[in-house]
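The following pair of complexes shares a single chain, chain A, combined with chain B in the former and chain C in the latter.
Presenting the complex of A and B:
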């Protein structure tokens, strides 16, 4: 009997795949098409052109904002990795009974909304906030230090706090699957602690680092609320610029072109991430 | 309360909740109004619903741009009445989304203040497509207890006494209008500035940015910033002035001599509305420009209607609160208009913020 090319599972998955294509890919493709159009007041001209992409390439503002978005994302990935790595190791390898409690605690801030977390940081960092009041009470400063709030510092503190759990979860999974016998074997063979870390632990946890890093990277690059509400006069992001173009200026084509430029760069980042995971898997096989 | 009484009360409440809307839905004509939430409160509309066999379904907007995007994306066929800004009506007419207002069906429009009759905004070839509905000003609001004197627009561009204590709305149109007023660019040129003028605007906006604590996006957020003392002076809307005064904070409101930004929202009818729905829509428009609604809006808003219908029903204090006690205040207004090169304005605004 000849078997159908598609299995029952494939048929069951088909509606989901179709819905994904319709709901996710189609809007993106429409956006891509718009990026090659032009706008004249409120009329879209459907003659294909690369003028919007040329405008982005020629605009110091848009180039700078895109670079700032990815620079900011890279900084927060680094910070969350540095903080999250030991936390994930501790939860995975040193905690047994209270592991689920600790992981739940880690996720508790995510249960509150973005705005609540942002305003909580305002309460902490503001001129009349807890930190300024404490420093004044301790006699460290005579008057409130205004540079804490509405600054890139405030933005990056909040972004790191907001997205740390995503990095920790990725790393925790990697540490959970790290077989301790590798470390025992390395130690038996005389490898010192730094070598055990660099040649065993790090290569085997790279997939978690990359997965967590990519999640954090994408979310920070697309976050405009935190910089807007905590970044002060310098809180503009490329996302808020896109918002201005779509809403205020009715320049959907240029907004679409910037969105697709961002998306393309993110795809490259994902490609590099996938490559890193693949290489680390090969290293793991070698180990 | 006995258990039985509780059940009776609960059932009565449920019945009201269920049957109330059902009774409304049974009205002969239902019209859908796309508007701001604060304009369509149930008590504002109760008198209209009592007098007419019409029901109103409300859909709320968050921004003017969102409203335009919805209609532009094909929503015009299901909406009977919209609420665009006076300066934005041009967007809708250029997109062929509206029909002209039939003034014969809106008798209360005869009471429009002269400034709204005279304006060319909202009109195409003499036909009115967006009828002025309610209006107000966007002044400078400041903490009178933390500032030495009443500010004007120069506070955002000169001196350093309030550096890092000022806030500006994150909105290209108004931000650039303020810079133009500061530079003394007349209203006749303001919305059609050339490259040289825009370069001057950019220069002063860069100075302004160095003095700002932040750009604000929501009026609730600005109110919060005033209350905590993070900001002492801002280009603002009126509500923080009254809200914080009511909480005991000494607030001030300045209307600079160089000009005050006036805003006005209109009511407009989408192109395809017709028959009984169109008649019902004009009935509603007439009510919205009439005395019952005007008084509710003045007391509850507090906002001023574009007609004088409710003026004599208000106390002097209530009139003063919505700037209609002395109508000469309008002489100093600069009404928002849609600039010819608005995309360049938005680009300039973003350049300043990104610098």
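Presenting the complex of A and C:
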């Protein structure tokens, strides 16, 4: 008797797989294909070429923008990690009854739109904003400090604020599964507090740090609105460049090539992150 | 403040300072009095168990000695030095935790070597010492594994190696065998006792299992509701329980309520619902007071035709449990349940029988612990 190659479960999963391929993989593959084409005045020539990638590699502007995108992402990951670490520890280890309330409060800002949060920072950082007014009222400064808004500083403050919850959630999960008895054992074996942190707490929360860090990294690298609205002259990003290339410049192939360059770098980052989690781990290979 | 340390006699009758001394040791969590002022001393090179049901305060005592809980009041000293003012990592004490608490991100060898880096040990010696400790518990073949890849019994051995490699003055064991199956528990009991003898270290072992306590200990401290009910050698605790609680908790003695009529030398005359008996008993019992007559299952038998010189009780069999080598019978005498260990084919359930016991073998104990120390006011 011949057995069907696909089981009932496989058939039931088929629509999901099909939807994933159609909606996720196919557009990316089309982009990938475009990245090897070229624009010939107003039409697209379908001869395969690496010219777009060569152009990115040769252009200081594009290389600079890509480097800046990942530099910003790395900076924000670092900031959110430093701020989020004690917050996550506190929520996981020091709060009991109010835990779910605190976590909800942490996520509430995410319920409002990106734009609203960005404009809130405009209100705070502007020349007529809350910070400048307070400082003037206190007599710290005589005239408004105009460098606050429309600067890389404003962009990174808002980015850090926006993506902090993702880092905290990742770290919080790691702290929740950190058994206090490991710390007692470390103290019992003679380790002073700094050593307990470096040899027990830190290695055991690395998976959370990496997971939260990757989420923040990807989102910051792809963030378009925040630099645009708060960065002023520094607001041009690689993402806005891609936007321009697909829009007014009508250079889909170059835009696709940049998009795929970004995607490849992010995929490498994810690979390294996954490797870090496996190495740090806990998830040791089975006997 | 100098700590008052209870003194002990050594083998030649000299006074020696105990290794560890607890003086009015108290632990209060909010309004809960977990430990209500206990005094005890641990001798060098001894195996001591803190025995009691869950919630009796035994684990709190262990955690105060280990430094994981603060002492609410009272003092505990090691080698005559106050311990409660020293941070956990500076105490010459190591612990085998209930679920072992091995570091999951470190290999077995790294786990065992962990404590050595905080002691005065040359870097080159660390690996050697850790491997030696693993050899002691026969785990050297697993040195490169992660704890997760080990069975419960193997993790237990690694936890032991991790603690003893530091050569602590005192080793604390918090219900170390409770996660193991019965067979493994028996094997580990023998190994623990053997290890303590070989190392000459003092072990303080917390357990709720009286069988385990008897298998291991030189000294047993029986706890109840945050107080010590009785402490002493296992033989003394079994043969001369001071209170009804100890008699019942250890060896399941039937405790028949009685009134002390008189004292005759070492014996006391007890008046019970089943008659009057002259039996040995606790020295604090006095005429006119209340007491219990403790009759253990192995001290009572089903009376044959002639049982000369033995006290007798009329009873009815209500339940029988076959245990392989013997039967355990539940018998009622009035409203008193007496358990009987019976080696041959037992009388059937519902049968009326006569129970007999040797009055020289049974024991009279106090109803309650002597003077119950009330929790100290304003202890927190």
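List of remarks:
In the analysis below, the second predicted complex is superposed on the first by the 269 of 287 C-alpha atoms of A that agree within 3 Å, B and C clash if a C-alpha of one lies under 4 Å from a C-alpha of the other, contacts with A are read in each partner's own complex, and residues count from 1 in each chain.
Rule of thumb we're sticking to: a contact is a pair of C-beta atoms (placed from the backbone, for glycine too) under 8 Å apart; a residue touches a chain by one contact, two chains touch by 3 or more.
Computed from a predicted structure; not experimentally measured.
Look at chain A after the overlay: chain B and chain C fit there side by side.
By the touch criterion defined above, A:113 reaches neither chain B nor chain C.
Which of chain B and chain C touches more residues of chain A is settled by the count: it is B. In the superposition on chain A, A:42 makes contact with chain B only, while chain C stays out of contact range. Of the two partner chains, chain C is the only one touched by A:203; chain B is not.
Touch criterion not met for A:139: it reaches neither chain B nor chain C. Of the two partner chains placed around the shared chain by superposition, neither chain B nor chain C is touched by A:58.
In the superposition on chain A, no contact is made by A:194 with either chain B or chain C. Contact with chain C, but none with chain B, is seen for A:181 once the two complexes are overlaid on the shared chain. Between the C-alpha centres of chain B and chain C, as seen from that of chain A in the superposed arrangement, lies an angle of 150 degrees, given as a multiple of 10. Of the two partner chains, neither chain B nor chain C is touched by A:15. Closest CA pair between chain B and chain C after superposition: 45 Å apart. Within the complex formed with chain C, the chain A residues making contact are 179, 181-182, 184-192, 195, 199-200, 203-204, 280-282, 284, 286-287.
The residues of chain B lying in touch with chain A in their complex are 63, 65-66, 68-69, 72, 91, 94-95, 164, 170-173, 209-210, 212-215, 217, 221, 228-230, 342-343, 346-347, 349-351, 353-354.
Residues 66-68, 87-90, 93-95, 97, 99, 101-105, 114-115, 118-119, 145-146, 148-149, 162-163, 166 of chain C touch chain A in their complex. Of all residues in chain A, those touching chain B in their complex are 39, 41-43, 59-61, 64-65, 68, 126-128, 146, 149-150, 228-229, 231-236, 241, 244-251.
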